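Shown next, in structure tokens, is the structure this report addresses.
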Amino acid sequence: VSTVGFIGLGHMGHGMSLNLLKSSHKVIGYDLNEQVLNEFQKAGGVRATSIAEVARNSDIVITMLPKGAHVKSVYLGDDGVIANAGHGKLFIDSSTIDIETSVLVAEKAAKEGHRFLDAPVSGGEKGASNGTLSFMVGGDEATFEQATPILSLMGSSLFYVGKNGSGLAVKLVNNMLLGITMAATGEAFNLIERLGVDPKKFYAIASKSTGSNWALNENCPVPGILEESPASHDYKPGFAAGLMLKDLCLGQQIAINTNASTPFGALATSIFSMACHSGLADQDMSAVIKFLAGNKS
Amino acid sequence: VSTVGFIGLGHMGHGMSLNLLKSSHKVIGYDLNEQVLNEFQKAGGVRATSIAEVARNSDIVITMLPKGAHVKSVYLGDDGVIANAGHGKLFIDSSTIDIETSVLVAEKAAKEGHRFLDAPVSGGEKGASNGTLSFMVGGDEATFEQATPILSLMGSSLFYVGKNGSGLAVKLVNNMLLGITMAATGEAFNLIERLGVDPKKFYAIASKSTGSNWALNENCPVPGILEESPASHDYKPGFAAGLMLKDLCLGQQIAINTNASTPFGALATSIFSMACHSGLADQDMSAVIKFLAGNKS
Amino acid sequence: VSTVGFIGLGHMGHGMSLNLLKSSHKVIGYDLNEQVLNEFQKAGGVRATSIAEVARNSDIVITMLPKGAHVKSVYLGDDGVIANAGHGKLFIDSSTIDIETSVLVAEKAAKEGHRFLDAPVSGGEKGASNGTLSFMVGGDEATFEQATPILSLMGSSLFYVGKNGSGLAVKLVNNMLLGITMAATGEAFNLIERLGVDPKKFYAIASKSTGSNWALNENCPVPGILEESPASHDYKPGFAAGLMLKDLCLGQQIAINTNASTPFGALATSIFSMACHSGLADQDMSAVIKFLAGNKS
Amino acid sequence: VSTVGFIGLGHMGHGMSLNLLKSSHKVIGYDLNEQVLNEFQKAGGVRATSIAEVARNSDIVITMLPKGAHVKSVYLGDDGVIANAGHGKLFIDSSTIDIETSVLVAEKAAKEGHRFLDAPVSGGEKGASNGTLSFMVGGDEATFEQATPILSLMGSSLFYVGKNGSGLAVKLVNNMLLGITMAATGEAFNLIERLGVDPKKFYAIASKSTGSNWALNENCPVPGILEESPASHDYKPGFAAGLMLKDLCLGQQIAINTNASTPFGALATSIFSMACHSGLADQDMSAVIKFLAGNKS
């Protein structure tokens, strides 16, 4: 039974690390935030005082961090994971970051004889605490097989995609599609209401027709249509508009880097950017329907 | 058993009228095109020599026409349906046209004691010939009930939406969503290929994730992923890009008329417009993926 | 010396008719609004009680109306201009409306032996009262020559464009460009400020460089850069955002009607539509900079 | 009289270095491309065999490089400028690159006691060879004053903007406006032609009206309107569409980095990206009018 290190114990990392603690693994964790470290310790985790301590004492290191800059410094810094991990360890980064940083870290890790997977997730905080996340994984396939038992403790769907960076690629492109369909579904409902048509009728028909999409069918932006949707609960997230904007910006980043033409992704980025500036960043992304209608948040 | 008139026996009207002929109804038909009239007659239809003849001799008149201007002249012209139908008849217009024209015709029909439904369809030529169309119906609910037996001969899903024009409203807004998701799915695949990821992997994951939508799941624009999709058959339609553009333009028309803000519908209209000008009008709408990649048709 | 009829004595029509009154022409006017009729009468105008009265008693009829529907009913109604004008008169419509309506009215006028010009203006209320409007004129060139003396009383620049409808074409396409450049200039300043650069420096350089455009150079959307600009006076119009939206919608209408691809015009329409819904309709169009920054009006 | 080093002697650098050679300065140059080095030598320049040699032997180093990655390695590499320049020198980078890289290099230079200016140019190869470039300069104002005599040898307009990076900020935002107005002007002409209006008439009016902008007035995209414009010479650049796309991508990069909302810049990036993929990259940016019309290059 291996020792698992966990760096980044915030909203997502907290739930993920607790699911590891339910197994027979010893889990050693670190975070800059004292409070989340305390909670991790209370739940049975071993509290480290530095990244280096985690790196030295773990067979597997999992990271869940906000931005590429954090991933870079946690892995590549002088006091970071690679400088202190010795050789032959398994690193799993579940952060949603830019692909270039992830591939760079993977290369540096390989040079020191480590294995590195990008393994971003979908499923949100609920999936993290329930252990029902989906993992989209990039890296060596044999490494993916080695990581499967650990990932299975935190998620219910594991997708192996391909080379390093491709887990992030799938995550970011999927979320670009989500951002577009969420906003487009919002404008569709705004139009249908201006045409004097009952939005419930539209939902009933379109969700079974060629216009159907996840944002419409499962995250319907009009209150009162789906009992469980954020829209029916004052747009409490769910998936906050500000986080959607972060993923859309990463999507534009990879589009620029690869010379891809993404007019709809670019428009969605602009719309969510304006919506967030207008005050909707902390509401569910489905609240973009209000911005499109000209409502102040 | 009533006599049914059918005006507009082209691609869609042909299949629809044949399904009526399979029933015990007498069907009297008219079209400006001699050839389609001949085929209708061969299939057992009664051939009329004018719109007026259809109007005089039918209890129910069904129309399936390309544009609002045709619907206006067929119903409101001096030799048209209303001027020749007497009183108390049922008119069903399955054309996909602008709402203003449809509501105007409905009002003129009502003034003469007729009942009028807008009943646009989805399902394409295949649905028309198989009798599996979906009808989205606007008008008086009692009239919808009266039309149900006839519509059931041509379609397998009947949706009553609301007042006159609302069948068209739902059709056009649904198709606006379809145009957006089709193009967005195309740009997503272009991006995923530039990132070096196997599009089949992306399909497998995204079609089960939050990016899922009908265009991705059922009309996947990359050849070889879905055996039945137009993309796997040289983009033979299916639903031609030129027809999608027509519906998107009608969608922009109703958005302008109601002061609705539809940035994604507007972008989709521009993209399909440029794609059609570049030579893709007669290919399946999923061929927009080629335009987005800069390929010449 | 001819008698000039003037229908539509609102903001623009008021100033224009007053400039006619300064000449030796007799001017007979009509408006649905009692108050503006009174003011016209006070200024020396002859007050008519109906459109028909204007039509019967004028050699030239000028119209300045809000929408195509008004132009249609004023010219083509049973009590309208054409039904009451006799033969051989000159009609000048300075309304900014859709081209289809204007061409239809021109054709009906020609059938009755009249001459019709579309002659939309730019220059705003200030130009109307100062007699410094620009007229963009469509119709027969000989008719344009006949109209020149009258138009010169109201404007300082007369542009003959071509056939009927082409005056409107130039006006609407010019204003589409203006809507785009106004919004684009707004987003440029928002970006420059986020980059920590003094907007005055940016103005000084860009207004003399390849980014220069009328909206930047003459209607700069940042307060305090141009003393005379609406931005420096709480965005008091100038040219209201709501009127810009009206022209952009007409621009999209003619784009749809001619199968033209106008992605930037479509985006500008969406942006101004959302901005107006958010409360900016009555402010100068340069206030779109605030919407783009996410500010509530 | 100081010795000036010049690294990057390609299209732009060639003309700029030749203007320096016309002065009394000794100029020592380097480029990876043998051929351009030979031409520089033939023109009187001193040929260096490495970046380090340039750095050691110059009082002022000017760089003109394609991308941020080149600037980073030229200045920060082990064999680079900073590692070999000693102390107290003046560096002027005229490359058009991302602001982050430029500011990073400026900081590293300052640490070693050097002064660094970002000084991107406009004016193209013609301006480079004629010595009529415009320089937009960011950095310390005193440093700008010191650089003025040298910059004056290569350019006719010198704009001091502000802190490091702000020269690039103004250049990139100005060019974002140019990309938008160029494409918007193209779509305006496409629409005007579909409306049956003579584009020369439109040019004559709009270039003097509120739609006027540099791309319309000075780089008119319709052949035959301006004798000198690229459009009148088979769209031979001028400013190539591929270079415009590069600047637009940098513009989106800085918008993402600063959370700015730039819907028009994003759309222009997508349109130029698709246009370049369709084969227009090497034509003048005004050729985007052809892409917007659906023409194959």
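Read from first to last, the chains carry the letters A, B, C and D; within each, the first residue is number 1.
Simple rule for what comes next: a contact is a pair of C-beta atoms (placed from the backbone, for glycine too) under 8 Å apart; a residue touches a chain by one contact, two chains touch by 3 or more.
Computed from a predicted structure; not experimentally measured.
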{"item": "Option in A-B, A-C or A-D whose residue-number contact pairs overlap B-D by over half", "value": "A-C"}
{"item": "Between C-D and B-C, the pair joined by more C-beta contacts", "value": "C-D"}
{"item": "Rounded Å distance between subunit A and subunit C, as computed from the means of their C-alpha atoms", "value": "50"}
{"item": "Geometric centre distance via CA averages, subunit C-subunit B, whole Å", "value": "38"}
{"item": "Whole-Å separation of chain centres (CA-atom averages), subunit C against subunit D", "value": "39"}
{"item": "Contacts with two or more other chains, residues of subunit A listed in rising order", "value": "259-263, 267, 271, 273-274, 277, 292-294"}
{"item": "Chain contact topology (line, ring, star, complete or other)", "value": "complete"}
{"item": "Subunit B contact footprint on subunit D (complex, rising order)", "value": "263, 267, 273-279, 291-296"}
{"item": "Subunit A contact footprint on subunit B (complex, rising order)", "value": "99, 122, 134, 136, 157, 159, 161-163, 165-166, 169-170, 173-178, 180-181, 183-185, 187-188, 190-192, 194-198, 201-202, 204-206, 209-216, 218-219, 251, 254-255, 258-265, 267-268, 271, 292-294"}
{"item": "Subunit A - residues contacting subunit D, complex", "value": "249, 252-253, 256, 259-263, 266-267, 269-271, 273-274, 277"}
